[in-house]
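The structures considered in this document are given below.
Next, two complexes with chain A in common: one pairs it with chain B, the other with chain C.
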Partner chain A sequence: MDVLAYFASLDPMHFMGALPGNVAQGLIWGIMALGVFITFRLLDFPDLTVDGSLATGGAVTVILILVGVPSPLAIAIAVVAGVLAGLVTGLLHTALGIPGILAGILTQISLWSVNLIILDGANKAVNVDKYSLIVSLRNVSSSIITVLIIAGIIICLLYWYFGTEQGSAIRATGCNPNMSKAQGINIDNMKVLALCISNGLVALSGGLMAQYQGFADIKMGQGAIVIGLAAVIIGDVLGEAIFRKRMNFSIRLTFVVIGGIIYYLVIGLVMWLKMPTNMLKLLTAAIVAIFLAVPYLREKRINSFAFKSKKEGRKNA
Partner chain B sequence: MLDLYNIKKTFNLGTINEKQALCGIDFCLNEGDFVTVIGGNGAGKSTMLNAIAGVWPVDGGSISIDGIDVTALPEHKRAKYIGRIFQDPMMGTAANMGIEENLGLALRRGKNRNLRWGITKEERERFHEELKILELGLEDRMTAKVGLLSGGQRQALTLLMATIQKPKLILLDEHTAALDPKTAAKVLELSDKIVADNNLTTMMVTHNMSDAIHHGNRLIMMNQGKIILDIAGEEKKKLTKADLLQKFSEVAGVQEETDEILLS
Partner chain C sequence: MKKKVLAILICAIMALTLSSCGGTETEDKPAADTYSVGICQLVQHVALDSATQGFKDALNDTLGDQVTFDEQNASGDIPTCSIICNQFVSSNVDLIMANATPALQAAQTSTADIPVLGTSVTDYGTALGIDDWSGTTGTNISGTSDLAPLDEQAAMLQELFPDATNVGILYCSAEPNSKYQYEVVKGHLEGMGYSVKEYTFSDSNDVQAVTTMAASECDVMYLPTDNTLASNSEIIKNVCVPAEVPIIAGEEGLCAGCGVATLSISYYDLGYTTGEMAYEILVNGADPATMEIEYAPQFTKKYNAEISDMLGITMPDDYIAIED
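Up next, the complex of A and B:
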């Protein structure tokens, strides 16, 4: 009876009603995922700064809007704050020789204090009725369009940048540092540069998110890196499945953002199924683990001794 | 072209693993020289090449290339003057990037990397022509990822990358050692051709005595961080494997029998 009552209580309209909001949030997270893509995929550097720099972006944006700075300018300054966070991680790693993951964690931890100082507390609200915000959950459809345009511009810019001499040098650094040095690339500078660009994008996403939800919170970046990775990986797997060999760089970037949207749709689905919200982080981790594991396991199965011998056996039969 | 003066390098100084790898190397190379470098394991051949390339700073002495003192320059700044090929075919190219992208990176060695396109249309046409020299059909797969190429193809591409920007000096560090004999011969032949066509100053480390004898116009032998033999010109042309082995035991002494085995 309980099971029946549970299913009867699920209203498809609820899911559909929450859909636009989830798409908007997914798009905003998708922009952050583009930042994660740069470090994780192009630079081969697992950058944990993002949990901090996302909240920094939100905090700077909200505080500036509250003192009367127009919201586009506030976001631009938030991007600069994110770039500085990336710079710190980059210098900790290259100039001071701290291993990449640890350098990111150190910046992330220190940003917690910095964000508390910026926010002058644990959170700050910004009311859409009093201030003009570029995105807000009060007006979901216009928010989606705005974020879509921003994401489109960013994808175009990234596509262009990583095709330039400098962008190619960053990709080479991530791919083969030894070869890059032999080709005259200053790999330390390239790493710092990539971390700056990445965290600038993450802060931009934080600024949009704070406006969308109407507040900045010290905890808003918690687990952001995992969500970013989820988006990047979901996007990769999906893009690979749809486009296969025709997958080029612009499609990859687009699918990173789509990965963010899909992640949020899954979250929306889970909420609709009335799973306790306490389980969300566990679920996110599970999604990332599954999407990372599936391509690996498939590869392993195809190349396994058991699979090969079975195939051989069938051929001989 | 290349002047090494009293180059010293000791690894793991002050530890139980302390090893004096280069003990005051003095060496000069004229423009257009092609020198082959032989010696047993641990003789200091690769260490000397790494010292020239600037992989780490030397402990003493000075290095200058074409009159420019590069002793204090880090690796990526010296790259302007030097083209390098490594023993491991995976080391010299970026696997996730296309053939033309790798060449584009190499073409900008020693130049500022700005916000111009990584490869222009004219460059693409030039790469197409240059790839034909390799005779591997790579000119028809210019956008293919380098990771899809075989070791020999990658090494040939690295050769082209090292020379596309006409460096003052080419360092070949056992660049055919990881290839099968046929591919190795092909890559060596290509190296000879490209070096000769461009009149490049070259240093080639090898473990293969007959390669060392048949290539280049000069030969040096190293042992325990020193150059113990330096043969050039007519004398080198007449050189045989037996001569070399005999000279080796003469100069290095009898205790080096193990190295002799390694070399032959």
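Up next, the complex of A and C:
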């Protein structure tokens, strides 16, 4: 009886109605995930700076908009701030020899203080009624279009850049640092460069996020790296499943953004199912774990003797 | 096959984008018999939980079965507040109750039409980005503030500790409302002749070090309403009681943890008041734009019997001991 009442209380229209909002937010996080993709996948560098640089992007954007800077310019300056954050992590790692994870953590915690100084407090509102913002929760459909265009431009730029000599050198550094060094690539410079690009994108996403939600908060970046990694992995698995061997670099980038959208669709679904919100983090962790495990288990099954012998048996029959 | 999958995917995305065109507009509903209310709470927290409970009780008392709640908690994840509020707007609830500052800001951004009531927000002017704050928002937002009367809190400190000279104010600089309280209380205390110094930390890992320093330099400490302080009250107690520094706390939960006395507001009452405002809006058609921000209906002088015994402080008769 209770079960029936539960299902009756779920209105599919509510889920459909909330979808655009989830898509918009997922797209913004997708841009952030592109940044994570560059460090995590291309450079093979677990960069924890992003929790800080996301909030830096938001803080710089909001403060500049409040003093009257037009919002596109404010976001551009936020990107520069993010690039600087990446530069710090890069130099800590390459010039001072601090291990990657630690370098990221050091920058992340110092950005907590920096962000408090930028925001002059913990939280600053940017009222959508008073300032012209390029994206806002108030107008979800135009936000989706704006962010789609921005994401499209970024994907094209990244596709072009990682095809150039310098971009290829970054990818080579991630694949095999020793071999790259032997080929005459300055791998330290490549690492710093990739971290700068990555954190610039993260700050861009933070700037969009702050405008979208209408405020910047010191805690807005907390757990961002998890969402970014989740988006990268979900996108990878999905792209792999649909395109298999034909998955090229541009499709890969596109699917990172799609991964961000799917992450937020799942959150929307969990809420629509009226699950206790205390469970939210556990469920998201479970979903990411499933996405990570499925390709591994499938691979294992295909390579197993049992599967092979069955296949052989069928062929011989 | 693969092209089909891709085509379906693209169609789905296009449909999603299109469906946003009609979905988010608020249509005028005919006078409904039942009201749906969305509750967006920032984080699981004693004070916020009791405010939500008070809000629901007030509406249940007045409307009974005529009201349904969609209660969502962002578990401290700020972007989730936007998702929740967007969900409320798309399901076209009759009213949104936003519990804590980021929740209110997300609700403000998500709709200009649906009435929004905030609670557990200290300073609406700052939270909503309104420069010339006059007590009403002039938009679809109103609500209740958890600001205890800071002048009376300062007066309480003077009443209990007239001989003290150095007062330290300890707060977390990463909390949106604490700095404002510090500035106001500092003004009052300096007017009374105390010398006031601020001690701030930016996250919970630094609480112990900063508190130790404060306790060594001050005769009395004042702690404003601050979520990070509330979560770390046990640490503060273990530093300040051995150092024999009494604490005047901004709210009851904090006082029960580490304070000597407080001028208490009840978050339950605050939520209840918010619920009554919701009734006015839903049933009597009151306009949130002209509704004044309301404050807690009553304040009680309360004290922490255990800590005041340990410090050997005798409380005046009009103070009530905090019950566990």
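Throughout what follows, the second predicted complex is superposed on the first by the 299 of 317 C-alpha atoms of A that agree within 3 Å, B and C clash if a C-alpha of one lies under 4 Å from a C-alpha of the other, contacts with A are read in each partner's own complex, and residues count from 1 in each chain.
In the analysis below, a contact is a pair of C-beta atoms (placed from the backbone, for glycine too) under 8 Å apart; a residue touches a chain by one contact, two chains touch by 3 or more.
Remember, it's a predicted structure, so these values are computed and weren't measured experimentally.
Contact with chain C, but none with chain B, is seen for A:R138 once the two complexes are overlaid on the shared chain.
By the document's definition of touching, neither partner reaches A:S304: not chain B, not chain C.
Between chain B and chain C, C touches the greater number of residues of chain A.
Look at A:D11: by the touch rule set out above, it reaches chain C but stays clear of chain B.
When the shared chain is aligned, chain C comes close enough to touch A:K130, but chain B does not.
Judged by the touch definition given at the top, the superposed model places A:K219 against chain C, while chain B stays out of reach.
Contact residues on chain C toward chain A in their complex (touch as defined above): 2, 5-6, 9, 13, 16-17, 19-21, 23-24, 44, 70, 72-87, 89-92, 101-102, 105-106, 108-112, 126-130, 139, 173-176, 178-179, 202-203.
Residues 53, 75-77, 79-80, 84, 86, 90-97, 101, 104-106, 108-111, 113-118, 161 of chain B are the ones that touch chain A when the two sit in their complex.
Against chain B, in their complex, chain A makes its touches with residues 161, 163-169, 171-172, 175-176, 178-187.
Contact residues of chain A toward chain C in the complex are 11, 13-14, 16-23, 25, 29, 66, 112-113, 116, 121-130, 136-138, 140-141, 144-145, 209, 212-215, 217-220, 222-223, 242-243, 264, 267-268, 271-272, 274, 277-278, 280-281.
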